[in-house]
Structure formats: C-alpha cells, structure tokens
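First chain A sits with chain B, and in the next complex the same chain sits with chain C.
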Partner chain A sequence: MGNAKTNMPEYFLKADDLQALLSALMASARVIAPVRSDWEEVLFEPIVNGEQATFEYENAVVSPKDFLLPQTEVLARYRRVGKSYQVEAPIEAPPQVIAGIRSCDLSAVQIWDEAIGSGEYPDPYYLARRRGTTFISIACPTVFENHFCAVLDTGPTLQSGFDLHLTAIEGGYAAQVGSDAGLRLVTEQCRFFRPSAPSELQQREQAARDAVAQFAARFDIAAVQRALSSGADLDAIGDAASRCQDCGGCLFVCPTCTCFDVRDYPTGENTGERLRTWDTCAYAGFTRMAGGANPSASRDVRVRRRLMHKLVYRLESEGLLGCVGCGRCIAACLGNISLVDLLARLGGQEKSRVG
Partner chain B sequence: MSDSSPYLPTPAALSAVRDETPDIKTFRVQPEQVFDYRPGQFVMLSLWGFGEAPFSIASSRSDGDTMDFSIKRVGGFTEQMHLLQPGDEVGVRGPFGNGFDVEPARGANLVFVAGGIGLAPLRALIHEVLSRRQDFGQIVLLYGARTPADLVYRDELDRLRSRSDLRVQLTVDLGDGKWTGHVGVVPELIKKAPEDFTRWTAFVCGPPIMIRFTVQALLARGLEPGRIVTTLERQMQCGLGKCGHCYIGGKLVCADGPVFTWQQLQEMGAEP
Partner chain C sequence: MTNSIDDIAAAPCIFAIGCNAPEAHPLIGWRVRTAKDRGAVLIVADPRCTQLAEWADLHLQLYPGTDIALLNALMHVIISEGMHRPDFIEQRTEGFDQMWQVVSNYPPDKAAAITGVPEQQIIEAARMMGRADRVCTIYTLGITEHTVGTHNVMAVADLAMTLGSVGKPAAGVNPLRGQNNVQGSCDMGALPNVFSGYQSVTDAAVRAKFEKAWGAALPGEVGLTLPDMLIEARQGNLKAMYIVGEDIMMSDPNTKHVRQALESLDFLVCQEIFLSSTCELADVVFPAGSFAEKDGTFTNTERRVQLVRRAISSPGQARPDWQIICALGQALGMRMSYSHPSEIMDEVASLTPIYGGIRHNRLGTDGLQWPCPDESHPGTPVLHREKFTRGLGKFAPVEHEPPAETPDDEYPLMLSTGRMLFHYNAGTMTRRTPILQREFPRNFVQINPADAERLGVRRTGKARVTTRRGSLVVDAQVTDRLKEGVIWMPFHFVESPANVLTNDVFCPIARTAEYKVCAAKVEPA
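== the complex of A and B ==
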C-alpha cells in the first residue's frame, strides 16, 4: 500500500523487459494489465502471459475498480436449517498486481481507501483485496481526449499512492519506488532493474513537465465549488438535467463512485447469497423509500447532488475531490453532456476546448 | 472465511407479534447477543432471501433485553415480515445512527408530535423519559393518524392518557361512527394547545409532509429551530455509512442522523 516515500531509490527498466517482468510476477500473484481487445478497446484483464499486456494506450475503457470493488460481490452466503440459518462471509483476497494503471485511476484508489476502507466500519472485503494488491502505475506522456487530471492534481504523473511508478524515457522506463511493497518487488525481480543514471532522472522529470505543459487551464475548480455551494438555480445544471437520460452510464464508468446496493438472491430452496452491487445516484430509485416517498425525485436535484458529492462533499468528508479528471463520463454520456464543459460553465468561463 | 463482516446480522427470535392496525404489526425480538442502544437509533432487520431494511427501534433499553419494531406493510420486505410468527428467526444489525439526545432537554418541558407509524421511534424516547420522569417538566403527546383504526399502541395510549403527569391528545384525519375525539390534522392540535410552548423542546416524527406542517406550527408557537428535533426516514441499505442511499446534503442519515434538529436541516438545506 503506497504512502509517499521521499527518498526511495529509482531504477531503469528496459522497454523490452516490462512484459517479461509481468510474466515473472505471475509466479506469486494474479496479474491484471491493460489488454487490447479484438475491437481495439483496451480493458484491464487478468493475463496469463506478459505479452498480452499493452502499454501503448490512452486509457482503459473502465478503471480497474472491479478488481478491488467488484461490480457484484458476495457479502454472505446462507443456508436455512430448520428455523435457523448457517451464514458465512467469504472474505477472500489472493495477491494481485495491477499493472499499467494510469495516474487518474490510482488517485481514485485513495478515495476508495477513505470512503470504503476507513471510518467507523472499515470494509473487510475491500481491505483484504487492497492489502493484497500491488500497483504498478504508468505516467501519461500526453493529454488524452477529455482528460483534465492536471486541473485536479491527479495526474498526468504522481508523487505517491503507487508501489512502482513508470515513466517512459529513452529506451525504457524510469521506475520510482513508492512503498515497501514496491521495493520488495524490485529486489525480488532485480534482474530486470538497474539503478537510474542521473540523466535518466532528468529525462523522467522533463517528461513529467512536458506532459503537464500540454494541459490548458480549462476551469477554476474553486469557482465551480462556489457556484455549486451557493444553492442558486444554475442554468448549467438545468441544461445538463434536461439532456440526462437517467442511464447511470457516467457513474458506472466513474472510478471514484463507490455507492452500492445490497440484495439477496436465492440460489436454491434453502440457500442463497446476499450480494453487493454497484449502484448510482443518477437513478431516481436510488433514494426512493418503501411507500414511495423520494427526496431526490427530480433530475435537477440528482444532477446537482452528483456534482456536489464529487466536488464539494467528498472534499469535506474525505479530504479528497471525488473527480480524478479521467473524462470517462464524457465518453459514456448518451446525452452528450461534457463534464469539462459543464465545469467550465459553472466556473463562469468560456466554453472550453476539449481534448 | 471470516466472521468479522459488519454485514452479518445477529440472529434474533421473534418472541411476540401484535396487530396494531390493518397494516401495522409490532414485532418483539430477542437477539442472541443483547446490545445497548439509545432511543431514536435504528437497526437493519434481515430476512435471508429477502434482504434487509432499516427500522427504528420502538422500545427503550429500559424496557428490557427484547426490542420492539412496529412495521407497516408497504413493500416486499415488510410483506414478508408480516407473514412471520412467534418463534421465527430474523437478523438484527446495529444499532446505527445518533439517536435522540435528551440531556439538553433535562428540566425542560417536552412536546412529542407524531403522525401514523411515526410514533414508533418516539415511543422509545417516551419510555426512556417516563423511566426518569422527574428529570423533565411538563410533557405533552400529540398524536394523529388517518382514521381511528390507524392509531398504533392503542392500549398503551389509553394507559398514558390515564396518567396525571402528562397530557395526551389524539386526532384523526377522518373519524368513524364511534370516534368522539378530535378530527383534523396534527398541526391543528399544536395551534389549539393551551400550553405556552415558547421554551419547550419538541420531538417530531411522521411522514415528510406532516413533519413540514408540524414544524411550521411549532415555529409559529414560538419554539426555537434548535429545539425542534425530528428523525428522518431514508433508504438505508448498509447502515455503515458506505452505500450512499441515505444522503441528505453532504451528510448520511445512517451515520449523521437519523435525528436532526430543524436548525441543522435548515443549515444543510435539506428537506425532511
């Protein structure tokens, strides 16, 4: 689990060795990496060979959230015996390596840690997986379409949160160690790594500066927060609500969303499972109570609430913005609602350039 | 495998089931492990195969080791609850939420205002307050339901009405042939009350619209927003502050509530 380590060593990894490294890691852990499908989409998948992984990609269609907070997971299994029940909670977490995760998605992990892994009831299902997960992140060399991480300080490169952070430089990758787990990985796989030369450190720093320089300042997040918190009717919210199709797509692809639904599914006459499944506040039914009362029946209320939760409330309750600037919600929206444009408008700026 | 999951309920046997109204029953349960709770807190009741739903605890810890839940039949889970018989097993997770804090009202006069099944969480508080009656001043209970048949805890209300140390007044929206009491909505009882409510503390629970009109009537009688206390219903699914369904402004009803003062709700820009 990656906390910032200021004086951790840096290494050089040859470009040709990255896939071999992943193959070597498979001896002791499940390895999840970006894989390009036959349809040219890149998705995080468990791999059986390092050669399946691609590192020439913008960002995966969805974040690797599913491997720490599965879209559906079993909270408990029950078996009826007479009038009583035998119940067990399957908390299982084989070790896994998530390789190729971008800075934005890794920033979302910190939000999961706060929202799900902390508080009065730290979630044991999540924490078991989290403790068994090693992150090998990769810095973005350039601005990808719809991305605005630099505005939110969640990329294109990172200072902490990773176990090992890769930045492409001449001939390979600069590898920054961010945790004891990262150091252990480098030590155990030492045949792939050598200490960085001073020129390689400079290249890594230059690559980070070059990537940041490509981001235009698209909106002022403080101005957006002031506008949302004012409580005033906002045309930008009304316009977004009028185009929202209630599909929830924006939130199902959102790496920071952590809300869920709990339901029982019988698997037999006397057996069944209690499942936790991703859910979204975009749905009118999210807040509807038995009996029909619904405090968030209006779409305007829900659109505003979504933005307030991500941009204001999470900062108050968890100390982190609930948006990492990955832009996936923009790609997913059936109503062509662009979060970047919406934020620019809320922040009182001109309609922004995108991409 | 681990048994440390906060999602695993404590088994609890139903020890009694009582019909309150045509669609409300009160269930008395005996959890395998007894736990402490405060009036106004809630639990997730669990029926394996049907899921979980949040219910406020209608009893007070001062009543003993069992817990009471008054449940209206309004959906799939509650219909299943209504089929249960004494001896059947349910699950209990909790207690959750902040509950009522009566300490600031020690020595003060108290008015309880309930609509329909909203009397359930207030019943817990009334039991607690009456178990230490000397700590409080005057006590008034104003309670209304749609019809006489929809009033819950009829025997208990009769017992309370026979006491000299509190005033109980009932009302119904619509009388029947036998009803000789007040007819009208609950806020009318506040408007007509002989007490000077100015420095009183009010505890309010009922449907959202009833809460809104009741609070307006209480404010009109001079109660301070910080002394009007209400408890809210939301679609709690986890009780652990995680699932998100019970959001209210930037807070969660399961963790920060369900009890809020009217002043807090106004500061949050939230509706009951």
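== the complex of A and C ==
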C-alpha cells in the first residue's frame, strides 16, 4: 500500500473467483485470510486453500496485527562463547498477502506506519514485514454492532491506503487498485479480473453511500479532545474507571496499540533469546518505577491516559487519531465500558446512538 | 452451582458473600456487572472493600469468620418482617421451625456486635433481599475456608430456601469453583469417599459395579482427605504419595507441617508441568502436558462438561496426564489401554449415572451440563427444580462459632489470605509469565492506615508478619480497604509463601483448612 494513486483503474472480480484468486496467490506468498472456526468465531489465519477463507463476516475477533507485529517475537538470539557473546538478529519476513481485512483494520496499519515504521528510528522488524505485505481490503456493506468508523473516517470504505480494495456489488466485487503492488497483483492474476463497466462503478459508489447512511449519529471529537485535555475531573472517566477490572482486554484487542515489553529468556546454559511481547498501559505495572512509585497507580489516570493517547497524543505526534472505531474494546470489556457512550458523554452528549 | 453462569446476569438481586469475582472469577464478575447494569440490586459481604464491594448497593464489611452470625441475622430480619416465602417453605422444605429456634437468637443488634457490621445495614440488606422477586447467591472460598466452612454453606442454603430462591432460573446457591476442572475432578471421584458421580465406596452394589467393570477388587472403606494424609504421613502411617498437578508446599496451610509430612514419606511421586516446590521433594517426577497439550474435557463451575482439544504438542518427554496414569496402571498390572480420551469418557458414561449421556461427539461448541442421564437428555441448567435430591430441602440451623484462633495480646490482628487477578494459585504458570510477574513481583500485606500508624509501618516500607507457625517480611500496602484489626495477604509467592503463616486447622466435616483467618502480629521491618 502506501502511495495513494489517483486515477488507478478499477476491475470486476466475480464472487466465485475470489477464493480461487487466493489459491493462485499462494504460489508466491503466504496468504492470510479470515477463517470461521468450529466455535463460529472469525480469525485471521494463514490458509492453505482459498476455500478456507470467508468473506461473509462482521469483523474478526482480533485484527491481523499479529502478522505484522507478532504478539511474541524473537528479536535476537545470543550464545556465550568464552567471555563474549555471539548475537544474531534474524528478521523473518516472508512475502504475504493479507486478504479480507476491513477498512478499520487497514486504517490501523497507517497508524503503525507513522508510529513505528517511519521517523528517525523505524522498527526494522516491522518494516521488513510491512514491505513484504500486500493488502486486499474489503468494504463493509453495513454498520456492525459497536462499530463507529464513519465518525472517524476510517470506514466503512476507504479512499486510499490499500493495495486492492473490494466492494461487494451485484455478482461479485468492484476491485479498486490503490498502489503499484495492487496493480502488479491484478496484472499477474489478470484471468480473474476484467475492467469495470460504468454501471459497476456507480454500484460501488452507491454501496458506499448506503453503508455510510446507516451510521445514525456522530459525536464531536473536537469536544471530546477539549474535555480530555482540560484536565478536569470527569464523571464519565470516573464511571469507566470504576468498571475497569484491569484485564487489559481492551488494548490487547485494539488494532492500533503498538506498546511492547522486551525480556531475555535463557534457552540453555549458554544460550538465550531476546523476546518482545505485547504490553498494555491498562496495567498499573506499565509505569511503575523500580522503587514502587507509580504516576498512574489509579484507574482514573489509566483510563484517561488511554483516551488521551488515542485521541490527543497520537494526533499530535502522528497526525492521525489512534482509534479506528472497530468497537473491539467494547466487545471485550468485562466491565461493559462502551467507548461509544464514553465519547458521547465526553463530547457533551449524554448518549449517542452510532449505528 | 445449582444454576448456570448466565443466570447471574439475569438475576434481579445478587448476594455475594466471601467472593471477589472481578479478581478471582473475572468472567463471572462480568455477569455481575451486567446484572447491575440491567438494574439488579447487589449486596456484598466481604471483610475487604473489593471492587465487587465498590459496585454494591450495600457492602457488609464483616470480620473474617463471622459469616454465620450475619447469615442468621439476615434470616432473622427476613422472617420477623414476614418477607420469607411460606409457600416454598411449606411445599419444598422441612425443618423451618427448628431453624427458627436457632435463628431467633440472632437479632441484628447481636449480630452487629459479632460481625462489626452496623445493625441498620443488616436490616437494610435483609429488606433488599426480601423485596426482590428472587435472590441469586454466589459464594467462594471466603465461605468454605473456615473451621466452620460446612456450617457456613448450610447457613447460605438456609437463607436461599427462606427466600424461596432455589430451583428457579436467575436464583440459586452458587459456589464459584476456582479452577477450570476442579468440578470435574470431584465428579470423577478424586475424593476419598466416592467413585465417579458421587457414588459411595461404602455401597456394596456400587462397588460391585466398578469391580466388574475394572476386573479388580476395590476397598470398601472411606480413604483419607489431604489434611489427614499429611497427619498420617507425619505419624509414619502413610508411606507413599502420588501428587498430580498440585503444589501442596505452596497451597496447603502451615508449610512447615507440609514439609515434615512429605519428608516423612518413604516414596513421593509428583506429576507436574513445571518443577514446583513440591516436586523438589519428590523421588520421581512425571512431566505432564499442560491444558493446551491434551484432548479431553474440563467440567466447569456450572457443571458444564466442555471439550478441550490439543493446540500444541508437548515439549520434551511430557505427556498428557491420562497417558501417564494409564502407563502407570499397565506397569502395575492393570489393563488400561485407551486410544483416545473419548474412550475414557464412554467408560465414565457407562458407570456414572449423572454423566450417562455425555459423549465427546455430543459436546460440540457448548458442552453439556450434568445431570445428563442418557444420550437424548439435553443437560440440566438449573438443579432442584421440582424437588431436592433428598426430596424436601432440609433447613440445617447452625450456631456462630469463633475461628480456631482469635486475636490476643501477643497476636492482636486477624490475618486473612486470598487471591488476586494477576496470579493464579501456586503461581506455577503465572509467576513464569513476565508481564504478570511485573504487575505483582513480590508478596505484600494489606493493612489499615490506623494499624500501620500505631505499629510504625510505613506506606512504602516493609513489614514483618508473624503467626504461631512462621514469619515473613513483605511489602506493606497501607489501605483503608480493610477494617482496623484485619490484615490480608495473597499466597502466590513461592519466595515468601503466605501459607507458612496460615493455620492448619480444618473444618471437621469437609476437611477444608482455615486459610481465611488466624491470629497474627505485624512489626515494621
């Protein structure tokens, strides 16, 4: 993805051909797609056959973040030789296609690109995987429970940021090319694509309008930011803090979170691994000092910090909001904290019905 | 549980006693939160101001070991004010009048003096329960881990019957079991007095059934419970132990006593996923596969038998428990050859009426709740709907008795112990998980600010906690979540294990130890 191209061509892909396309792509890349489990949950998994993939789904339980920023990753392996250490830092980044990713989750990738994939010290592990990844995203036909992407302009469909973007229309998909990688994919797999007819372009645009129209209300993000930044005690924050049970689930399922912890693990008497694992600022230990002092010991502080980071600090440092409106934190919360209601309250509305 | 987990979310009134669900049972904490968000009334009885207590409409902060006085007083108010359910009591129970003879001696002012809960709060809690259409009672180890643990449970059941809240949805008497399969272990007869499905070993017909199935003679006497085994081992009467998946050096009270018992054995075999403190004393250790490395079933707190499927293969020589047990049985000359755990489940079903209809191929995504007597039975979400197991529910009145140790001049504080969100029991798994370890790397003692000030314990300092059995230096956590005179510690930390302090006295009926209260003193360290 990356460079959003204007006037890129559009194609039509028959519904029946999508799974066959994925099978064909496996010749040169690992293909990751949404798969419905025996428990009726949809998760992104590497597939061995296009028929495993499903596109009839709301959203995956978690985003495909694991395939770019693994939950656990070996950064280096070390071996003690005499008095010194031999260190190797393997970066495993096989070419991969992530297919069926929703607009919100692909918008999260743009946040990672800004937060850890660029600047003075880009993350080489992330960058290697990112450069080897092609995204085939898919527009949402309607608003799903807890989703509020339309409020944040991260969905239900996308204007840019994708390699190939699919929108369901009659008989198949409108396929928009968004990058050189997308164009290459269509060219190499040309037997599955034909140029779109004008009526198909109209259908795609109509589908996008229909989906957006289903998002009923909007909340005022600027008002939320003002309330959060004021530093005042806010009842909405206090209420969320009283509900929070410290499980960290909201942030482990968040597609935009990038925080991690690094530890060395011995694997033998003279060998070991340096592992990086996901971490979350929902935990009090995240900022506890060695002596025990903790600037964010209280849940109020941690709930506010979570919102500040996502809605204020990210915008200041990366130019993008740190929330894509996927609603996973709402589904995961054991305290029934609804980010939609919380933002509505902070934005001055008592209750907002979004979707 | 008499009822199902989802019943909690639908309950109009929840009474939680000795139960810290948001930390010890987070998914049940979520159901309580959901019930509250739907308008339920929540009453919490706990010596600590836990998060559940913060959510409560009323928090009854009682002294540890005074549950019966509180429960009897609640019944006293409910009955005196005519809020009990005469129809239910008449049709479904017996012994109500005898119960009242005991309970009538517990007016709320008397209970207030014993429990430390203000009289008015006891009356208000009783009225909240009495006004509700039905009450869903949940309790955990705060009720059972006492010398009067069984009596505590009886009093909880008496209260539920007084309120007519048994045998219907969104109500019931619901002990929350703390481990994924502790219910299953009990169901399978990992108890000294029963075969699988609670069939008595003293019943000759039952014994004959199992002897025929297994082709072996079976003893007809009740065996030893864990505390009795340790006593018998120290006296030289018990020679060998085979301990599977339990780190009793961490989880049993009075570690010194446990160590002496294990060291008195001629032979100790342990079966574990990591080399635990108990394994270090063993002659032989069998490496076992973890939950993620085996096929089979777990039976959860709502009696739901759930299918588990192997996700990863075992490292090194580790094997699933069932394979180790079968290999051991074969070596001892017992025919135990199964190709898959589903065959073991078939055998369980053939010998165990409450599991009679449970087969792996029926468990699917949702499992089945026992009793499930035959293959067409859909399982049982709510127990005791038409009648109790014994017919009529029997009121079992109980008197308040103080804990085995109460504060005195030398040990003026009450120590209670328990669990926290970030660590699980003996810490075998969670203490090896770095981010969980970071959250709570060291043991600590919670102490009320007034006690801390009087004793000279500083807010960020260390404290020495001493009981008649041992002494530990841990971080002090000064907090007003505890009453004056009560201190609290978790028990997850192998390097400063709280169970060197706890009292190895136990309930004479259930043989569960009194982890929840003993006398202690605290000094700055």
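Just so it is clear, the second predicted complex is superposed on the first by the 352 of 355 C-alpha atoms of A that agree within 3 Å, B and C clash if a C-alpha of one lies under 4 Å from a C-alpha of the other, contacts with A are read in each partner's own complex, and residues count from 1 in each chain.
To be clear about the criterion, contacts are C-beta pairs under 8 Å (C-beta built on N, C-alpha and C of every residue); 3 or more make two chains touch, one makes a residue touch a chain.
What you see is a predicted model; the values in this text were computed from it and never measured.
> Mind checking the superposed model to see whether chain B and chain C fit together on chain A or clash?
fit
> On the A-aligned overlay, A:Asp220 touches which partner chain: chain B = first, chain C = second, or both, or neither?
Touch status of A:Asp220: no partner.
> Counting touched residues of chain A, say whether chain B or chain C comes out ahead.
B
> May I ask you to decide whether A:Asn336 touches chain B, chain C, both, or neither, giving the answer as first, second, both or neither?
In the superposition, A:Asn336 contacts chain C only.
> In the overlay, answer first, second, both or neither for which of chain B and chain C A:Asp261 touches.
It touches chain B and chain C both.
> Kindly classify A:Asp300 by the partners it touches after superposition: chain B alone (first), chain C alone (second), both, or neither?
neither
> Put simply, what angle do chain B and chain C open at chain A, by C-alpha centres, to the nearest 10°?
80
> Between chain B (first) and chain C (second), which does A:Thr277 come into contact with in this model arrangement: first, second, both, or neither?
In the superposition, A:Thr277 contacts chain C only.
> Look at A:Glu318 in the shared chain and tell me whether it touches chain B only, chain C only, both, or neither; answer first, second, both or neither.
Neither partner.
> So, A:Arg80: does it touch chain B (first), chain C (second), both, or neither?
first
> Once chain A of both complexes is superposed, is A:Trp39 in touch with chain B (first), chain C (second), both, or neither?
Touch status of A:Trp39: second partner only.
> Between chain B and chain C, once the two complexes are placed on the common chain, what is the minimum CA to CA distance in Å?
10
> On chain A, what residues does chain B touch that chain C touches as well?
Touching chain B in the first complex and chain C in the second, residues 261, 263, 279, 288, 291, 293 of chain A appear in both lists.
> Going by the contact rule set out above, which residues of chain B touch chain A in the complex?
Per the stated touch rule, the residues are 1-8, 11, 48-53, 72, 74-75, 77-78, 87-89, 91, 207-208, 233-235, 237-238, 240-250, 255, 269, 271.
> Any idea which chain C residues touch chain A in the complex?
Against chain A, chain C makes touches at 22-23, 26-27, 29-30, 33-34, 37, 51, 54-55, 365, 421, 434-435, 438-440, 460, 475.
> Once bound in the complex, which stretches of chain A touch chain B?
Per the touch definition, chain A meets chain B at residues 75-76, 78, 80, 83-85, 87-91, 115-116, 119-121, 123-125, 231, 258-264, 266, 272, 274, 279, 281, 286-291, 293, 295, 305, 308-309, 312-313, 316-317.
> What residues on chain A touch chain C, complex-wise?
Against chain C, the touching part of chain A is residues 38-40, 242-243, 245-247, 261, 263, 277, 279, 283-285, 288, 291-293, 334-336.
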